[in-house]
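Pasting the structures here.
Each of the two complexes below includes chain A, the first together with chain B, the second together with chain C.
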Partner chain A sequence: MSTAVTALTASGRLRIVVALARRGLNEVLRVPGASIPGVLAPTIFLLGISSVFGAAAKLPGFTADDFKTFVVPVGMLQGAAFAGAATGVNLARDIERGWFDRLLLVPAPRLTLLAGLVSSGALRSLLPSVVVFAAGLALGVHFPGVLGTLLAFLLVMGLSTCLACYATTLALHFRTQQAAPLMQMGGFIAVLFTPAYAPADLLAGWMHAIAVVNPVTYVLQGVRQGFVGPVTWSGTWPALAAIAAMLVVLAALAARGMRQTGR
Partner chain B sequence: MIRASLALARRALRNTARRPQFAAPLLVMPTLFLAANVGGLTRSTALPGFPPVNSFLNFQLAGSMTQALLLGGVSSGIAVALEIEDGFFDRLVISPIPRVAIVLGRLAATAVLAFTQVLYFLLIGTIFGGGPEGGVIGFAAIVAIGVIAGIAFGAIGVTIALRARTVSTVQGIFPLVLVVLFVSSAFFPRGLLEVPARQIAAFNPLSYIADGLRNPIVGSVSAGPVLEGLAAAVGLAAAAIALAVWSLRVRLRAV
Partner chain C sequence: MAAIETERLSRRFKGGLTAVDAIDLSVEAGEVYGFLGPNGAGKTTTVRMLVTLLRPTGGRAMVAGHDVARDPDAVRRRIGVALQEAALDGLMTGRELVELQATLHGIAPSAVRTRGQDLLERVGLVEAQDRRVATYSGGMKRRLDLALALIHEPAVLFLDEPTTGLDPVSRMTLWEEVRRLKDRGTTVFLTTQYLEEADRLADRLGIISQGRIVAEGTPAALKAEIGHPHLELAFAGDAPDLDAAATVMAAFGPPEVLRELEKVRVPLPDGAASIAAVVRALDEKGLGVAALELVEPTLDDVFAAKTGRHLEGA
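== the complex of A and B ==
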């Protein structure tokens, strides 16, 4: 078995990653109902938060013309968070049903299997974020331009990959779908403890302190820049660096969980 | 029936206590949402039309309680769906207990959970300077509205579980929980909500439950909001329990 693993070529590993990603996407097509909560939740969040806190845009110092424009990027990142969590929930279901044990018999490195699992999360994040983006435009939100749009979706997929790693770690640890709230909560909170509702200068002192050290703040600002102003390199590189740093840490944890599974 | 209901309630609470990591989100999620709202929008109290309150935390506590109680209802539904999926429900049905105890036992456990949730948020408020200002009567009013509302939400969760019979479907109602919360005055004054949420909030019982919980927190007790909150909670609970019992009978006919 170990010989087979080491003999697997790069193209062979890539085929496994693609196959696992396709399996994740097939679920979207075969069981569309299962994707509805992940699409609905961030869309409802966008519409709900705009309806409830819309008057906050009248506060002195608010940096967007209207609240909806300000929170559309938050809704897109919430979509990424839900898609990432769904990867973990689906893995937990596969563990419960024994499918994951059969997957582990595949003569491929665990890292390859992990890459396949989380890449499906990255692709699935496009579904809720596109819906939120379209809903925002329909509500009159400022179009961020082609570059701003592409950057926004790139960062959404990056964050979803990070959160898929986080959810995978939890799924491998708890091995039950009952851990779903824990998987969903991590991303949900990471996105909210940022300048999600108001510019940094209007946050309470303690929230400002958290937002500064929260890497998702920089991802949010990277996504938001095209909606509230021009896209700049100085607004982009911190977002890319934050994604890279989170990916290194969370992927390492997930890889450790994969290696320990079945031992 | 009472003994069977209490035994089932104790079992439900024991199961919750055994796996606290799965029950924790019922408190942690609304707490973090409370923190995010307060930290992000603390200056909202300066908006024209915002009612006089000591702090935005004071205003938000009732919204967080309502959110927690709703999540408790979803959790009760998930627990019943799990019992259906793993076969425990079928074993209960053939055991010599009144069938309605299956619903009442679950709702008794939900009531205990709701009481805990209300106390928890009052404690959070007190620790961070937003404690209830309505005295003992205010405290009793908050507990009464909170526990009855918790039972109502639990009965809705049980109804959905008995009809859907799968955990994933019950979990799928989470977005709907957000919808009913957002079209209420749970998180912001009704007069400052955007249209059409403002109009819908006037007909949403959650608005009256949240306002009833809020009144004794932000000041001395006023009969109007508290009685309206109590009436909304009692009305919702009566309708939801009737629906849950009816769903149980429909389910039993299918077994």
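== the complex of A and C ==
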């Protein structure tokens, strides 16, 4: 006796994505302590660096009046990086414990499973970025407006998705949580090598050269728009294009990793 | 059509290890097939290939009418799998896990809850369904794992060492469920290193050693293949004449004198039916029997005969 199970419909695939994203959020909702490092680190970094380098905003050529306002978007992106890396670390844990095998036995396209895994990273990124955003507002950071706020969180989630794909690729390759530092390092470096703490024109030559080709620079500038200056289309589309380009490349690598599992 | 069929199925890992070496299997629909072998024999590698988790490097395998390498999704739609370690998310409740599994298998939202409840009831976990899985005992986790494997009513069920580490009661419960599944027509591919489990549950057995199938058949046929039951006798008195007893017993088969044990052994092709005649013949010669035991060949004897090693304690 058996029931013939037919191929999944589009709505069935969407339900899988939602179900996996919900499962990914369990750690945030049921083990709140597990989220503390990812929330505290960018918040403390924001407070610390604002205190130490706050006077940098008075330098000639600095594009913001207030250093805290200038670096709040950096903290939000760091939160996205932590959440993205956590997606990979959790996948590595699932691989080690055998849960991932259960997932691979599902008759769904690998891309659907990947979308479910990384979308939890996008949702998780909201927790640290909201905390950083709120901490910034409490410290007197300029409110970026409704549009600026929505755009900032959209880009944060986009970057987190990209970095979740990156971390997922590493998790599928190394199949161990011991690769966690590598997963975290990617996002940390990607955010660091941007005009994170000073406008591009004030960066050292080599740093400036890296920042110009680093797509995260354009994401940061997109997030920063409402905080420093108005939100414009000319400042928005490069950020969206950068997210799209990173997503295409990193999702392709992660999808390749999914397909190669078991070969 | 066979539910599972392999032709020279092989898996060679990087580094040169051949875990599965050109095995041919055929499992009929509705059959419980026991796959027996010690740790490292190739059981799990074989199962992982059959369930599409590992790509074969040679040969081919058809499961539920579909090629595992060419059409893995079609295979996945028709199989249920409970792997060696019950990999469950301890943060979720039993009910959440069953419903997640139903969603992952594309079961319509309207049917997810009903199907989940039916299965939780079947495996006796209704009362514990809203507890986090981390609080479940080993037996409860295994039963939940089985429920997850059955959520889409698979035609072929793979159970990879399902009772390892379970207490006797949990083991018996799982055996009962396997029998029920067989009665419903589900094909069960069961790997185990427990001989009793294989003997009791399997319609047919395959014995794997070092990546090769060394024996296949029904448990009874395999045991008959390696020999008949034999009778072991101990005699009354402080210094029984074992040679005299052996001479009498030679009428029934070639006797073997076990001097250290002070026993004589003789094969009995007719089994228990010949015991009375043996005892009567000895009695007529004044050789009183103090104790006797009819020893049937075991699957361990089969394994030893086929591989030169014993499976029990392996």
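Just so we're on the same page, the second predicted complex is superposed on the first by the 257 of 263 C-alpha atoms of A that agree within 3 Å, B and C clash if a C-alpha of one lies under 4 Å from a C-alpha of the other, contacts with A are read in each partner's own complex, and residues count from 1 in each chain.
In the analysis below, a residue touches a chain if its C-beta (ideal position, glycine included) is under 8 Å from a C-beta of that chain, and two chains touch if they have at least 3 such contacts.
Computed from a predicted model, the values in this text were never measured in an experiment.
Colleague: Now for A:Y197: first (chain B), second (chain C), both, or neither, which partner does it touch?
Modeller: So A:Y197 only meets chain B here.
Colleague: Classify the contacts of A:A241 with the two partner chains as first (chain B alone), second (chain C alone), both, or neither.
Modeller: It touches nothing on chain B or chain C.
Colleague: Per the contact definition in the header, classify A:I189: touching chain B only (first), chain C only (second), both, or neither.
Modeller: first
Colleague: Let me test your reading of the model: by the given contact rule, A:R97 touches which partner, first (chain B), second (chain C), both or neither?
Modeller: In the superposition, A:R97 contacts chain C only.
Colleague: Counting only touches as set out at the top, which of chain B and chain C does A:L126 meet: first, second, both, neither?
Modeller: neither
Colleague: Is A:G48 contacted by the first partner chain B, the second partner chain C, both or neither?
Modeller: A:G48 sits against chain B, while chain C stays out of touch.
Colleague: Which chain, chain B or chain C, ends up touching more residues of chain A in the combined arrangement?
Modeller: Tallying touched residues of chain A, the top partner is B.
Colleague: May I ask you to decide whether A:A180 touches chain B, chain C, both, or neither, giving the answer as first, second, both or neither?
Modeller: first
Colleague: Who does A:L139 touch here: chain B (first), chain C (second), both, or neither?
Modeller: Touch partners of A:L139: none, neither chain B nor chain C.
Colleague: Take the contacts of chain A with chain B and those with chain C, and give the residues found in both.
Modeller: none
Colleague: Which residues, counting only chain B, touch chain A once they are in their complex?
Modeller: Spelled out, the residues of chain B in touch with chain A are 19, 21-22, 25, 28-29, 32-33, 35-44, 46-47, 49, 82, 167-168, 171-172, 174-175, 178-179, 181-183, 187-188, 192-194, 196-197.
Colleague: Contact residues on chain C for chain A in the complex?
Modeller: Going by the criterion above, the answer is residues 48, 51-55, 73-74, 76-79, 81, 83, 85, 87-89, 91-92, 100-101, 103-106, 109, 148, 152-155, 184-186.
Colleague: Mind pulling up the chain A residues that touch chain C in the complex?
Modeller: 1-3, 5-9, 12, 15-16, 19, 23, 26-27, 30-31, 97-99, 101-109, 262-263
Colleague: Taking the touch rule as given, give the residues of chain A at its contact with chain B in the complex, in rising order.
Modeller: Residues 33-34, 36-37, 40-41, 44-45, 47-56, 58-59, 174, 177-182, 185, 188-189, 192-193, 195-198, 202-204, 206-207, 210.
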